[in-house]
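Below, chain A partners chain B and then partners chain C, in two separate complexes.
Right after this comes the complex of A and B.
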C-alpha cells in the first residue's frame, strides 16, 4: 500500500515536471529575412525603435493573448515596468514618430499576422509553435 | 506641386524596398487644460494667459523606410501645423527628414516638443519658449534635419542632430515662422543648427552634450524712423547641457551663450548674453513628483536683441508638485516668481494634462 502511494506520488511529480517546462520564444514567419536578433536589438524593437533588415523595418507585435506573457515581456524583453514602458513609447512617438508595437489579443490573430506579414516579429509559448512549419523560432527568451 | 512631385519620387524609390510591407500608422493625442493667475504684479506685460485649453495631435505613417510624421496643435488661441516631416530611415541609427521641424539646439524642446504631459513643470524655460508665445530664439525651421544615435566607446551612445532650414522672420510682433499651410513670400534666410550628446546607455536620459547654431533672421518693420533700425539679425548660439536621471531624482542643467548682431549695411550692433537654467525633480510616493527650477541670465538687461522682447523672463524661480493620479493623466500645481526687463510678477497655475493613444 505504501509502495503504491509512493509510486503514485512520483508519477504525479513527474507529470507536473513535464507539464511545467515552459518557454517563451521569439518567432518570425518561416520566409522571414531575419536570421538572428541580439537581445539588445529585440529590446529596441519592442520599445518602438526602428530595426531594419535588408533596408526594411521589422514590425514588432506584442502578444497579449495570455496574461502570463505580460510579466515575461516586461522583465525579459524590455526590462522595465509597465508605466516606464508606456512613458518610453510616448517619448518615442513624440520625438520621432516611432511606431508602438501593435498588440494582439488572441493566439489566432498572432498566427494570422505571422502568416501574412513577412516582416513580423513576435513572441509566443514554445508549445504553440514548435510543430508549426510556417513559423520559425529565432531564440528562447525565457524558460522556467 | 513641388511637394507632390517629391512625394511621388520618394514613394517610387521606396517601393522596391517596401514590397509586401503594409502601411503602418500611429496616432497620439496630448491634451491639457490650464488655469493661471498673477499676483504681486509690477510688470506691465507678462506671458501669462488666464486659461489655456490644448489638443496636440501627432500622427506617423510608415511604408518601408519612408515615414511621414506630423504634429498639429489646436488651442483656444491658435491652431498650427507645428511639425510636418517626410523622413527616410537610412539605417537603424539614422534618419533624414525634410519639412518643418523643431530645431535641435533647444534642449527642452528637443526632449519634450509640445507634449505637455511629458514635461513635469507646466511652463518651459523662457529661453526655450515658442515664437508665438514671446520666445526669443527661433524654434521652427523648414528644411532638412539629420538625426542619429550610434554606439561609441563600448556601452556609450552618441546622439547627434544637424539641421538647416528657413529661419523665422523678426517683426515688431516677434518671430514669425514659415507657415506650411499658409506660405508667404516674405524674405527669409537660412539657419544652421547642430547638437551632440553622450549617454551612458541607449535607453537612459542621463548624459551631457553641446550645441551650436548660426541663424540669420530677416528683420521687417524695424526701420523707423527711416535710416535707423536694422535689416538682419545674425544670431549665434552656443550651449552645453547635462541630465542626470535616476529612479527618484532627475536633474537638468543648461547654459546658453548667445551672440546676437543687429545688422544694417556695414554697421553692426553686437549684443551678447548668457542664459542658464537648472531644474530638479524628485519622485515621492503616491505618484507625486516635486520640482524646482531656477533660471538666470547675464547681460540680458543691456542686450539690444533682448530689448526687442519685453516679456522675456531674465530671472525666474519655479516650484511645483505633480500628481499622476491615473494612467497617462496628471494634475500639476506650480508657483512662479518672474523678473522681466520691465518689472516683476508672481503667478500660480493649475493644469490637467493627459496622453491618449
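Right after this comes the complex of A and C.
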C-alpha cells in the first residue's frame, strides 16, 4: 500500500515536471532538406505564401489535434488573432492565389503526413516528437 | 385579484414583461460579449504582430551591437506607450528595461486570451535565436485602457438596453390598452345587450382588421338575435291576441247558446200560453157581445178582454224574442226615416233635462226586414237610455251610418248599417252586462219593467242577421251598437249562395 502511494506521488510529480517544461516546436520529416526556418519565413508559410527551400516548395500543415495549440499558433507563429488570420487567408487564397494550409485534426494524421511528405512542415508538442526518429525538430517556437 | 390578473390589458403587459425579463438579460449579455470580443480583437491582434516584429528585429540584430541595441529597443518599446514591461533573458542573465512600470519579479508566462489572470497586463514571450543559443523576449502590454473602454461600452449598452426596455414596456402598456379598448367597449355593449337593451349597436372603431371583423360578425349576430327576438315577441303577441279572441268567441257562443235556450223555452211556454189565451179571449169577446153593455157583467168581461189582450201582447213580445213572431214580408228600406220617426216619438216622451242628438248619413243604411221591428228596436234602446238618465239628465245620442268590415272582433266582416244609441247615464257593471239580453232580467224596481225590452231587441236584431254589442262603464254611460247587414251585401251573398 505504501509502495503504491509512493509510486502515485512520483507519477504526479513527473507529470507536473513534464507539464512545467512543455514546448511547441517546428518539425519536419527526418529526411527533409530543411535545416532551419526564420520566424518570418514560418509566418509566411502558414499564411499561405509559397516558400521554397532548394527550389522545392514546402507544404505547411496546421496541427489542430490539440485545442491548446491554437492560441500558441496564433500568437507565436502567425502573430494575429483567429479572425485576422482567417481574413488574411481568405485574401491570400482569393486575391493572390496562395494555398490554404491543410488542417489536421488528429495526431496520427499529423505524423502520417510527416512520414509520407518529405516537404511537410508543421508544429507539435515537443513531448510528442522528441523520441521519434522519423521527425526532426528544427526550431522551438514557444516554451513555458 | 383574479379578476385583475385575468384582464386582457394585464395579461398582455405581463407577457411583454416576462418576455423582456427573459430576453433583455440575454440581449445585454450577448451585446456585451460582442463588445468584449471586438475590443479584445482590437487589442490582441496588433500587439501580437508588434511583439513578433520586435522579436524578429532582435533576431536580425548584429551580434556585436546586440547588448546595447537590445537595451535601447526595450526602452523604446516601453516608451511607445502600450508596453508596460519588457525584458530579455537567456536563463542566466536578464536585460530589463528600466522604464517598465511592472517590477521584474511580478512578470509571468504568456497570456493567450485577453484579460487573463486579472492583472491587467497581457504577456507575450518570444524565443529569439542568437547564434547558437536562445533568448526569450518577454513583453507586457497594458490592458487597462481597453478594459476601461469595454466597461464604458458595457455601461452604454446597459443604458441602451434599459432605455429600450422602458420604451418597450411603455409601448406594451399603450398597445395593450389600444388592443383592449375595443374589447372593453364590446364587453360593455354585450353587457347592455345581455341586460335587455338589444337595440344597442355594437360599434368598435379600431384600425385592427381582426377586431373590425369581430365587431362586424358580432353586430350581425346581434341583429339576427334582435330580429329573432322581434319575431318571437310578435308571435307571442299574435298568439295572445288569438287566445283572447278565442276566449271572446267562446264567451259569446256560450252567451248566445244560453240566450237561444232561454228563447226556446220562453217561446214554447208562450206558444202554449197563447193557445190558452185564444179561447179565453174568444169566449170573453163572445160573452161580452151577448151581454148588455151597461151591466156589471159587461164591465167585468171588458176587463177580462183587456187583460187577455195585455197577456197576448206579452206573449207576442216573448215570441218576438224567441223569433217566432210573425212579421211582415221582408222589404228593403232605409233606416233613417224609421229611426227619425221613432226619435220624434221619443222626443215627446223624454224629459227636458235630456238632450237628444241624431246624426245620420244615407250611405249604406238600407237594410232588409220589417221597419216596424226596427222602430221597436229604436224605441226600446232609447227608452232604456232615457230611463238611465231620468234623474240626472244627460245626452241621448243616436248615430246612423254605413260601415264596412268593422274592426270589432265580435262582428263578422261585411257591410253593415250601424245604429248607435248612447247615453251619459249611470252605466252598468260587467256582471249586469252579461245578463241584459236575457228575458225578464231587469235592474229596475218591481212594476217598473218587465225585463223583456233588450231581449226583444236582441231577438229582432238576430232575426235580421245582425249583431248587437254593448259598451258600458259605471258612471260614464252606455252605448249600444246595432249592426244590421246592408241590403246590397245581403243581395250579393244570396246571389253567391245561389251561384
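The rule is simple: the second predicted complex is superposed on the first by the 126 of 144 C-alpha atoms of A that agree within 3 Å, B and C clash if a C-alpha of one lies under 4 Å from a C-alpha of the other, contacts with A are read in each partner's own complex, and residues count from 1 in each chain.
In the analysis below, a contact is a pair of C-beta atoms (placed from the backbone, for glycine too) under 8 Å apart; a residue touches a chain by one contact, two chains touch by 3 or more.
Owing to the predicted nature of the structure, the values given are computational and were not obtained by experimental measurement.
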item: Clash or fit, chain B versus chain C on superposed chain A; value: fit
item: Touched partner set for A:103, first chain B, second chain C, both or neither; value: neither
item: Greater chain A contact set [chain C / chain B]; value: B
item: First, second, both or neither for A:94, with chain B first and chain C second; value: first
item: Which superposed partner A:117 touches (first chain B, second chain C, both, neither); value: first
item: First, second, both or neither for A:140, with chain B first and chain C second; value: second
item: First (chain B), second (chain C), both or neither touched by A:57; value: first
item: Touched partner set for A:81, first chain B, second chain C, both or neither; value: second
item: Partner chain in contact with A:44 - chain B first, chain C second, else both or neither; value: first
item: Three-chain overlay, closest Cα atoms of chain B and chain C, distance in Å; value: 5
item: Footprint overlap on chain A, comparing chain B with chain C; value: 40, 43
item: Residues of chain C that touch chain A when the two form their complex; value: 41, 44-45, 48-49, 51-53, 55-56, 59, 109-110, 112-113, 124-127, 129, 134
item: Of chain B, residues touching chain A in the complex; value: 17-18, 20-22, 24-26, 28, 30, 58-60, 62, 64-65, 67, 69, 85, 87, 89, 91-92, 95, 110-113, 115, 117-118, 147, 202-203, 327-328, 355, 357
item: For the chain A and chain C complex, residues of the former touching the latter; value: 38-40, 43, 71-72, 74-76, 79-81, 83-84, 139-144
item: Touch list for chain A against partner chain B, complex; value: 40, 43-44, 47, 49-52, 54-57, 59, 86-88, 90-91, 93-100, 117-119
